[in-house]
């Protein structure tokens, strides 16, 4: 089997993963409308490619909050990487470092933050945080991440409760006994109810700010109103995300929501996006509409499933090649030449 | 079989109901365009969910004309519940009471109003009325309902004649011999033609008003012009409904019609909706667009078919859980926080 | 088999007609886009039905150029009725008379005008004309029609050449040897090329006017510009038609074109429509948008195929019943109450 | 098998070509969205046909930069014609000459320019050029083409790098050993990397101008900005093209891009189009929107596959007949009567 595009990895994962794991990774909330819209929405955006511009010297590097990465695609936070590959998040970290990009490590990792850090020393990593009812758990995680050299703190804002993913309910999804949520084992043991705190508000950004010097990035913003609030509360970045369509079904595709968020933010902080990225040209569309970088969730898991860190590198390399080709064919030699003029929304 | 969402109950009912009964419940008029649009239209409405709002204390209760119900979903009037479950409307009444919501009892019930009342004393019930050519029949039913403690009178306005439901014609649909329209048996026997009066006009609202102290709710309104007339004729509530797509095929989806009705009514009376509700997030969409409450028709019948009153409670409980989760994920802790800002119509 | 709606007759005809005849009747030009659009376009028009209007006394009669018909549906001109039923156009004439509506007899009939007239004396008939290169042929037909009591002359404007219907080319379509175009046999024999004159222009309306006292109706108009020209050249009626999608593929659906034609005509002449009528509610949509009457083509042929004049009466009766029900459910008791306010174009 | 329309040739080619060749000809970039949009976009354009105009004397000739061709359809540049038919581009040249139209010979031909010229002396041919890193190669080809009587030079602007065509990657596409790119064999041998120069800019138009007296036509323009630049740099013609959807997936359909290019150009140079032409009425749509002529790519290859030059003539003759019929049915007797008023974009 030749792996030519990301769909090839998806097909592989669907074929070889245990059904319960595949279903968990693939799941969207309710009817999966938002999950599917994330992808379909890209098809309604058309390029306006420019010709006869010198694209002989391509440079697709960009910077995330000042740190250079090899191209504008990072790894979104997703849980339970050991479901995909035995080494779990350690493999993810190695692949991200090898490809010189950013990996957002999930609270729900099956390796400890120390293990992940040790697997790929010096790699660019951000830590994704859910705020726990027991604030001490969160505080400790944040401070541990900072101590381990993580360079950003990503607060997930769209999960006061977990979305309803029908297949997970049907399957009675749970981790196999030999896997653990190693960073929050204790937290789960003391809570009979969900350990996550549904009372979190914007003011908790100030609390987080008091715990750490790391830049704070908020993930899960879909409206201009929340984008404005995020900026006013001092975050350094916003990830436009609907949690891969796993939370509120019926929300907008992230590429559609990006437009209003970017317009509201007016370059005051960096704006990123996750959801629905399947081709290099999707990355170009997101950057044309104002994203500084995008993050991939499921495709990273498919890559891991295929061949661990090698497989994830394959996925990233394909995206990198496709992105380089796409921006060249659109007439840009580097990311600074990308802009709103490159795309138009289909009248259909 | 795990019952996870309303579609599971639909699949069950389709599999286990006799074809004639399934066809009758499922039927739409002509090509069933409006029946199907009722559902499809929700997919064109997107949420604008808000983040980081304290949703730790959820309260999804609401009031119908001043009476509290546990969440904004009631049982729409549908006929012939014995086709779904032996105890028929008695089971429906028990389930509605157990879930503390409103049940609109149809004129075409297979149990008498007394039986229904006795099955679930103290439950919140409204009585749905067709006006008969023989006005004495209608008068008697209205007064009986009032005497039995029904708290509202729902006048169905969209059935001067019965819509053309092709499968019912093909099947030669009729009730099995052991079932009776117990509240209007005599009425049917004296009429060779349809006992319903196609000459009813707005002035008949005044006649109804003269018969009863109950609040009058009109069901079947789809335009701003009729909404205005309804308010002017003194109704207490309006149910935006197209009779489940069973009357005039080609009419609007109720969620689309809701917008113009709400705009015309300007809060002078309560506005409700039925048609196409299949998920908790559909309820949230309807409330965001101004409905005070929605009513479910076919899903209630599927629940009855599955396990009588228990099955119907399952259906209501699933909707309740989904609604609670949806409004929390949209950033609201109670129904008063829901508003027009939460939704946008898809440009597609 | 119960015949409940027009699709039932279509299924019957598809099953029992010889393939060459079915293909000929069903054919559209090229990709059949316009043929199919004629039907799909109705689905994009939604009713705004009005409630609680007295619809106890329904009257669905209308008038065509002053002559009363039982409901606003006539028989469009189509050729070769003997392909559908041995008695051919004689059966059509009998059915139209029995149902008290108008039958537009095609130049391409397989019975003579005399035979057709004799089959149903006193029936309301219009004669459809193609202008021949040999003008004497056309003159003779017009004058024969007038002498036989035909009450209108329908000039088909959209066939300077015959559209490309792929299946007819593949099948090598031609009439079976025992069928003849009885009204123009000689015309065909003297012409090696098509006997129809592609040089016809608006001035030929004046020539037709000089031949006959019959009202002239022009068929095939799709634009406001041509509608204006038709009125200025003194026609009495306009049939908005794209020849059932058999001529220029890619033209508009007739129900869409109707809007601009009606707006241009401003009630100066009557406007009719053919194409895509499959349900009584389609008739109501066309009348709501300004058509005085519609005509059915293929459904009439399906009715003939089913049971000759009886079958065609079945088709007409079903449409009549559906139309009566539709306008009642929309809140109208007669055709004069129908208007533009009853419909809206879907935003989709 | 009767060949009635272009799809028949497509079906033939799909059936009889080796998979690798079929895949290569059929390939689009990535998801093939743009390739497919090229065709779908025509379906969103509707005609506004005019009636009763004298179309007895049809004349569908047009001129390309002053040279008459028999109808406004030429042969777009495509490579490797020997994959379709043993005589390769020699057959193409003979068919184009026989049908009196223009053939744009690709740099990637499997016959030499001399062989092609000798096969059909006096035929109207343009030469399609890619600019090579080794400019001497390009210079020699241009001057050879001019010496051989080619009448135009077509610079392809949209291939600084080759698009990602997944099936070609999977198939490991390459020419069979007995076929050669005869005009640039040496060029390929000296380059390990692609011999095409991705540093080409608008200034290279001036370089080309210095090499030849031939008119220069630029191919691959999709925006008004680039159309303006093309005119300012002195080209004589613009071909609106997305390379058959083989380069940047996600670009606009060419028929959609044509509108803005024509508006920008304001008749200063001739504008042509390729992509998605499958019927005579597609040609009429393109001309109505301002194209002077269209070019066919894949359909020409299907014709060659079917029967070499005869098969290609069949394809051209079908298009010619369909185009003649279409413009007659739209009410035009020659191409000068075609205009923007003949079409409207579907509201859908």
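We just call them A, B, C and D in the order they show up, numbering each chain from 1.
Basically, contacts are C-beta pairs under 8 Å (C-beta built on N, C-alpha and C of every residue); 3 or more make two chains touch, one makes a residue touch a chain.
This structure is a prediction, so every number in the text was calculated from the model and none was measured.
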Chains touching both chain A and chain C: B, D
Self-contact between copies chain A and chain D, residue sets same or different by half: different
Angle (degrees, nearest 5) of the CA superposition of chain C onto chain D: 90
Computed distance of Cα centres, chain C from chain B, in Å: 42
Centre-to-centre distance between chain D and chain B (centres being mean Cα positions), rounded to whole Å: 60
Touching two or more other chains - residues of chain D: 348
Interchain pairs in contact, sorted by label: A-B, A-D, B-C, C-D
Residue ranges of chain D touching chain C (in the complex, touch as defined): 2, 4-5, 42-43, 45-56, 279, 281, 285, 321-322, 325-326, 328-330, 344, 347-348
Residue ranges of chain D touching chain A (in the complex, touch as defined): 30-31, 33, 44, 157-158, 160-161, 163-164, 166, 169-170, 197-202, 204-205, 218, 220-223, 225-226, 229, 247-252, 345, 348
